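Letters A, B and C name the chains as they come in the text, with residue numbers starting at 1 for each one.
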Amino acid sequence: MMAYRLGEIVERFGGELVGDADIRVRQVAPLSIAQAEHISFLANPKYRRQLLDTRAGAVILGTAERESTTLPRILCDNPYAYFAKVSALLNPPHVEPAGIHPTAVIDATAVVSGSASIGAFAFVGKGARVGEHAVIGAGCHLGDGVEVGEDSLLYPQVVVYQGCIIGQRAILHSGVVIGADGFGLANENGRWLKVPQIGRVVIGDDVEIGANTTVDRGALDDTVIEDGVKLDNQIQVAHNVHIGAHTAMAGCVGVAGSARIGRQCTVGGGAVILGHLEIADRVHVSAGTLITKSIRKPGEYTSVMPFSTHNDWLKNASHLRHLDKMAEKLAELERKIDELERNKP
Amino acid sequence: MMAYRLGEIVERFGGELVGDADIRVRQVAPLSIAQAEHISFLANPKYRRQLLDTRAGAVILGTAERESTTLPRILCDNPYAYFAKVSALLNPPHVEPAGIHPTAVIDATAVVSGSASIGAFAFVGKGARVGEHAVIGAGCHLGDGVEVGEDSLLYPQVVVYQGCIIGQRAILHSGVVIGADGFGLANENGRWLKVPQIGRVVIGDDVEIGANTTVDRGALDDTVIEDGVKLDNQIQVAHNVHIGAHTAMAGCVGVAGSARIGRQCTVGGGAVILGHLEIADRVHVSAGTLITKSIRKPGEYTSVMPFSTHNDWLKNASHLRHLDKMAEKLAELERKIDELERNKP
Amino acid sequence: MMAYRLGEIVERFGGELVGDADIRVRQVAPLSIAQAEHISFLANPKYRRQLLDTRAGAVILGTAERESTTLPRILCDNPYAYFAKVSALLNPPHVEPAGIHPTAVIDATAVVSGSASIGAFAFVGKGARVGEHAVIGAGCHLGDGVEVGEDSLLYPQVVVYQGCIIGQRAILHSGVVIGADGFGLANENGRWLKVPQIGRVVIGDDVEIGANTTVDRGALDDTVIEDGVKLDNQIQVAHNVHIGAHTAMAGCVGVAGSARIGRQCTVGGGAVILGHLEIADRVHVSAGTLITKSIRKPGEYTSVMPFSTHNDWLKNASHLRHLDKMAEKLAELERKIDELERNKP
């Protein structure tokens, strides 16, 4: 594992170094377990007292924390982002050697860059294209006409249905399914007719998609994931959804058909966004929240029931079914009191 | 891509043609982007004004919309279902050539129809049966004794555990797992003993199951999915669940063990249905709703907390934990007012 | 299928036999469909009347049910646990023959026990280790340095990313993904920087993980699943989560990053546990509940909105957005009534 001098790090990423520029660090670690060869960071002032006990060789701090330690330190505006860059430097991605595993099945009409890596048991369909330095993991399946951009990384057992497009520097984790049919059904006399799903999924650059997440192809138009979107695991993105650039969604989120979500939004874990609505840029949806109509203004939105002990919940929950009566009773008491007040002696 | 005359379409599917029967359409498209070679549709009168601007070559309309446009039009009772049929005509399913890919592993005792297609890296276990014209996608796994009916289509990387039965014309999307063990555990002194799951999954005809959905095998009896059921992506169906014919469930639904769900129900995205309960035919469960007990009557059922800005939510949510006290206070005020009224001068 | 004498069963598992020790049973079945060759059980006294009609050859009962039937019966303290053991005896796990399928790809530096079974199209990476009698199903992927303990069973198409550790007697169902990157992102000027995820997933002994469940690798430290944990299908366990021994979670649960969950907890289906919190031992979270802060005491916790017909819900739900005003109004009425009472004639 390579070591870097603090001086080199500050040369690359900026910030102000306080302390010995020749100290070398090999790895990142949390303050609590860091040793001399580690560089750590403090992003949240409420953990400041961990600085007192840490054995880290160096720390990355906000500029306001200059005096919070005597350790060698790098002061910067955004310590967590700085830490991300240092960690990426110290933990470069594993590079797969270029070439096609002998067990892979590549259609004769597919175009695979010479610098790409295709794993064991991978399948690349007719006319599919795999860009420079892309890695298609073992057991991945690229349908006919799929395009995977340069430097993209598909972990083992990703499936991309025919015709879908994945941009550059994508990271798709195992079990991801891109381009399965959207849930398009027409009801005729109590039975469901399938509506062919003839759109694609089009994914921009710098998108990461977590394990077992699914993104359905569009019914008529495409489903679109713009640049820089980050989706966690087990998310379901339905047909014709449009997710704006640099939006991030935590695990288990569901987004229903034709929802149009803005840029730089965040969606908390387990939230559900219903279909055929629009969400503005920079909207933040809390975990577990159900969004049932369009949101026009940036801000944070929430709809969760606070938890309590089951016994307390039992006492309170029964009233939820009678709030309307409670409101009526309140209005009636108001009227009676008004009358009593008018008749006051 | 084939083109069809409007006259031919009306001959096949009925409806009343207003306009030139010789106009040809090649593809379906939404009103907003359709061109002369496209046929479009209007299912919801609230989008009627899109008819004014569309460049579609023809449109499918409800009988009440006869005068809403001068375009060539097909009038019918159920425009969306009609559209589904026209789209299926214009977009026939891709036909996989019959035959077994040389990399597939087929047990010698399996019976694969000569007209079936078995993809690369597929595995077909002992005594498994694959019906006429069925397609087993690349990397699929059929356990011992599995049966897949005629004309069924398994997209790449579907797993069917041993002994499970899939009917005719099924569509199973990538990442589907049929027949994994149900969550059967007995607690003994704080530890869990596994209860063997010896039932199967039995799936009827014309069932579609979305990407990464899981249907567990029964503990003792079978888990049953009746004809015409449509399951979207990322759904979990637990052991011994019974889903009645032509019921449809949107993405991310969870159904707990031994729930018995009627026919022609719909379940909205992210809803959870608890176990050991019964739901009548034609029950509609709203998205995000938790069903905690049996439902005996058809109708729509809901249990969601409306969302609001986080600040408004903060103000209101604290009271949810004190509804019981609020109700008590209300009752007390009622008593006091009654007393005051009795003592009125 | 083997048959066992009731006498043999009691010798193995204890309990008191009432009736003929030479009666043989071949299989387990529910009371309602059991025949003479079946042994059944009654775990819940509320189904006692099923004992009257059953045709089971023998039954397993709690000691209090001694007189509830004249059938041959085994009396014990925990009939469901006893039943689990009998069923495991009558339904021994399918044993895969040892050996490596000729299509599997095993790195030369991997160490695979001679008694292990490696299925078709499986991939075992550099330096990976597979223990005695372990079964790696068809199409599984073990990354570099992965360890799978003795007697563990991976069903087809499980993916384990590099460096992750799985203990003994694990059962991992199809579609499980262990060790994908946690959702670690730092925001810099509206764009997301990836934080390398350099921890592992470490899974203890006797853990079962359901189909399509995902467990992410740690960001810096490891994600830890202790001994005897049971996870159902479609669960998402985020980075650096710690799940205590013998905790069980039902389907579709989401656990956010760095949550620390105690021992012998249960979590109901569809519940969501937010990150960076601690849950004590023996906490039971109800289905559909959102846990937003630490829980220090054992017990049952709930946060669900009761469902109702959609029309009733419409009437009540509007008030949820105005509870704060309702509380204010109530306080105001209280003041007015106090005043009226003070002024009473």
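Rule of thumb we're sticking to: a contact is a pair of C-beta atoms (placed from the backbone, for glycine too) under 8 Å apart; a residue touches a chain by one contact, two chains touch by 3 or more.
Treat the numbers as computed from the prediction; the structure is a model and nothing was measured.
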Each chain counted as touching chain A and chain B at once: C
Type of chain A:chain C copy interface by residue overlap (half), same or different: different
Between chain A and chain C, centroid-to-centroid distance (C-alpha), Å: 25
Interface hub residues of chain A, defined as touching at least two other chains: 103, 121, 139, 157, 175, 212, 234, 252, 304-306, 308, 320, 326, 330, 333, 337, 340, 345
Contact footprint of chain B on chain A as seen in their complex: 103, 105, 121, 123, 139, 141, 157, 159, 161-162, 175, 177, 180-181, 183-188, 190-196, 198, 212, 214, 216, 220-221, 234, 236, 238, 252, 254, 256, 272, 274, 286, 289-292, 299-306, 308, 312, 315-316, 319-320, 326, 329-330, 333, 336-337, 340, 343, 345
Residues of chain C touching chain B in the complex: 27-30, 33, 78, 80-81, 83-85, 87-88, 91, 94, 101, 103, 119-121, 137-139, 155-157, 171, 173-175, 208, 210-212, 228, 230, 232-234, 246, 248, 250-252, 264, 269-270, 287-288, 304-310, 313-314, 317-318, 320-324, 326-327, 330, 333-334, 337, 340-341, 344-345
